[in-house]
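Below are two complexes that have chain A in common, paired first with chain B and then with chain C.
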Partner chain A sequence: MIEFSNYDILRNLLFATQWTILLSLAAFIGGTTVALALTAMRLTRNPAMQRIVKIYVELFQGTPLLMQMFLCFFGLSMLGYEISAWSAAILSLTFFTSAFLVEIWRGCIDTLPKGQWEASRCLGLSFLQTLRHIILPQAIRVATAPTVGFSVQVIKGTALASVIGFVELTKVGTMLNNATFEPFKVFTLVALIYFLLCYPLSLYSKHLEKKFHVSR
Partner chain B sequence: MLYFSDLLQYSDVFLSGLKTTVELTVLTTILGVVLGTVCATVRQYGNRASQRVVSVYVELIRNTPFIVQLFFIFFGLPAIGMMLSPWEASMIALTINLGAYSTEIIRAGLASISKGQIEAAKVLGLNFRQTLIRVIFTPAFEKIYPALTSQCIIVMLGSAVISQISVQDLTYAANLVQSRNFRAFESYLVTALLYLGLSILLRFAFNALGKRLFAYRTSN
Partner chain C sequence: MSLVNLHQVHKYYGDLHVLKGIDLDIKAGEVVSIIGKSGSGKSTLLRCVNGLEQYQEGGITVDGKEVTTEDIQVRRLALSVGMIFQNFNLFPHMTVGENVMLAPTIVLKKSKAEAEATARAMLEKVGLAEKFDSFPEKLSGGQQQRVAIARALAMSPKVLLCDEITSALDPELVGEVLKVLEQLAEEGMTLILVTHEMNFARDVGSRVVFMHQGKVWEQGDPKTVLSNPQTDELKQFMGAVL
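Coming up: the complex of A and B.
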């Protein structure tokens, strides 16, 4: 039997943390991209497009992330599409992230007075010009703090990838627990590492929010 | 091809899973909101030390994944002598989780009640209990009610994770069924739709409850 020293436990956990960070980044980038596309669809004021976005948000906010992962991983492979745990995790986390971000951004864009759209129209700006020069510069300022805040949810969401067998921080935690029979120590360390990843982001989000309120 | 008919014979498995999920949701919603209300009150009106304790609790829970909290409670606590059944561990984990989030939400509501209103209540001769319920809590809860109820629904969806410590909830039912008939896609799809129905139903229930709780607005 292999003995695990404290150093071994910590080393393995820190190694796995890299995968948690990588998965979070991939999911965040994927989620932001899809959310941008969905926001654009919503802004077109086309009822059919808006409906699609609404259903998308309802579907992915109304079902558990774990179920989305199972569907992506076990479901798709049963239907004949081979998919790795890594791809299934990224795919489902992208759906999850984008569904929440599109709602967050919707709130940010809606806080801008509607008169601005109308005024731009009167001044002869096109839809894209209005978006580029009037709406986005203001909306991005409002949206930064909640978006950074939501990235914490993404990092925490990656923990569920352990359930479909993707080896990241939580998975290595359970594996080490099975090998060392020291659940208290192992899961305390796992929680601590997640905390060290998430807390600075939470603080930064709060800081941004304060800064924004001062500048207003 | 999809074969949903293969799921029909397992409908009682799904139903009993649904029942467990609903029971746990109702119980933890009540306990979590009570815990959140107490913590928020301490956080807003308590002394420095107790404020600090509540902040540490809230930040610790909000910045770690629910599944790790669950594993810590279910696997970690027995190692220091606290034996818990999977059901008890899930209930505690869900309550603690919702408690932390609702503390933040309810505190925002309490912070929105201006000091002048409390002083006005005193001047008008309302006693402590009346002030607390009518002047502080009711308007505060009315303000944050939508945020609080969406958090309750998020926790309900998050409860899917408790199947990992073998609580026989809806997700556990889905896993069981797909391991029997190998219809993974159908089984998970139906379960996802059941969760969707449950979250829509919960939202309706919360809205109806909100109309009754804050009826004083329209009744006078």
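Coming up: the complex of A and C.
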């Protein structure tokens, strides 16, 4: 039997952390892209579009992320689409992230006075011009802090990808535990690494929030 | 020839009948003050004229073109109708200059230099040339409202709609805004104002329209109408205002 030194454990965990970071980034980029499109759909005054967004949000906020991952991974392969654990994880995390971001952003956009839209309309700006020059620049300032804050949820959400066999931090932690029978040591280290990833983001989010309130 | 024409305009908010058959004909160069109690439909009337609200019956034309709330129509309309709001609605993330330059640049596709020249000229006109690089939040209410006027003027509108534009101002700041309006009136700009400033309506206005319960109740020359009201409702209103 191979002996695992503390160094070996840490080395393997840190290696796996790369995948956790990569998965988080991919999910976050995917999530923001989809959320942007959904936000634009919601802002049009088209009832059908707004309904689609509403159903999307309710569906993905109302079901556990783990079930979404199972459905993406096992469900799609049963339908004949071969999908890797990596793709299934990104796909489901994108759904999850976008469903929450679109709600967070809606709140931010709603805090802008209606008069901003009306003034733009009266000056002859089109819907997209209003969005680009008037609404987004103001909404982004409001939305940055809660969005960074939410990225913490995305990082923690990636842990679920271990269940469908994607080898990231949690999965490697489980594997190391099986090999060493030292759950306390291994999982404390795993938790510590997650904390070190998330805590700076939380701090940064708080800092942004404070900065925003001062500048108001 | 009439610049703004309303023919039997009806407007409902659900079951609420807000405008009950408005007929109004406004010629270029007129300064029309719309007065009346709150809830009489005067702001709604103004918002129908520039397509912010949809009306259900009748017709409105500006400069011969029909007004609807269709996006394309509103944008075409914006070229001839300027609007000033009670709450200024300046864009807080832009400087005063950028506020005024925005629409000429992206709607009229003017070059930056041309738009800046227009913006500076318009700010000069409202007496705020030196505030070009300030942000709106650094300005007093009266100054912000004058920037809003400059912003509307930069689109060279044929008619300017003013929706209670001095109501949110401290009393000592009302004068500077009215002075700008008076100057515009002298230059021949067509103005339609919803206002509570009776002195302005009398001294500068060319017509007063008194609205009551969604109808044009009484209208005519300001001096005659205001000093010699024909209906009990206007008498009562004048009594409450003065």
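As a working rule, the second predicted complex is superposed on the first by the 216 of 216 C-alpha atoms of A that agree within 3 Å, B and C clash if a C-alpha of one lies under 4 Å from a C-alpha of the other, contacts with A are read in each partner's own complex, and residues count from 1 in each chain.
One rule holds in what follows: contacts are C-beta pairs under 8 Å (C-beta built on N, C-alpha and C of every residue); 3 or more make two chains touch, one makes a residue touch a chain.
This structure is a prediction, so every number in the text was calculated from the model and none was measured.
Legend: residue contacts after superposition of the two complexes on their common chain; A:134 is shown touching chain C, with no touch to chain B.
The wider contact with chain A, measured as residues touched, comes from B rather than the other of chain B and chain C. Contact with chain C, but none with chain B, is seen for A:113 once the two complexes are overlaid on the shared chain.
Of the two partner chains, neither chain B nor chain C is touched by A:165. Of the two partner chains, chain C is the only one touched by A:122; chain B is not. Common to the chain B-facing and chain C-facing surfaces of chain A is no residue whatsoever. By the touch rule above, chain A contacts chain C in their complex via residues 113, 115-116, 118-119, 121-127, 129, 133-134, 137-138, 141.
Those residues of chain B that touch chain A in the shared complex are 59-60, 62-69, 71-72, 75-80, 157-161, 163-164, 171, 174, 178, 182-185, 188-189, 191-193, 195-196, 199-200.
For chain A in complex with chain B, the touching residues are 58-59, 61-68, 70-71, 74-79, 152, 155-160, 162-163, 170, 173-174, 177, 182-184, 186-188, 190-191, 194-195, 198-199, 202.
Against chain A, in their complex, chain C makes its touches with residues 50-52, 71, 74-75, 78-79, 81-83, 85, 87, 89-93, 102-103, 106-107, 151-152, 155.
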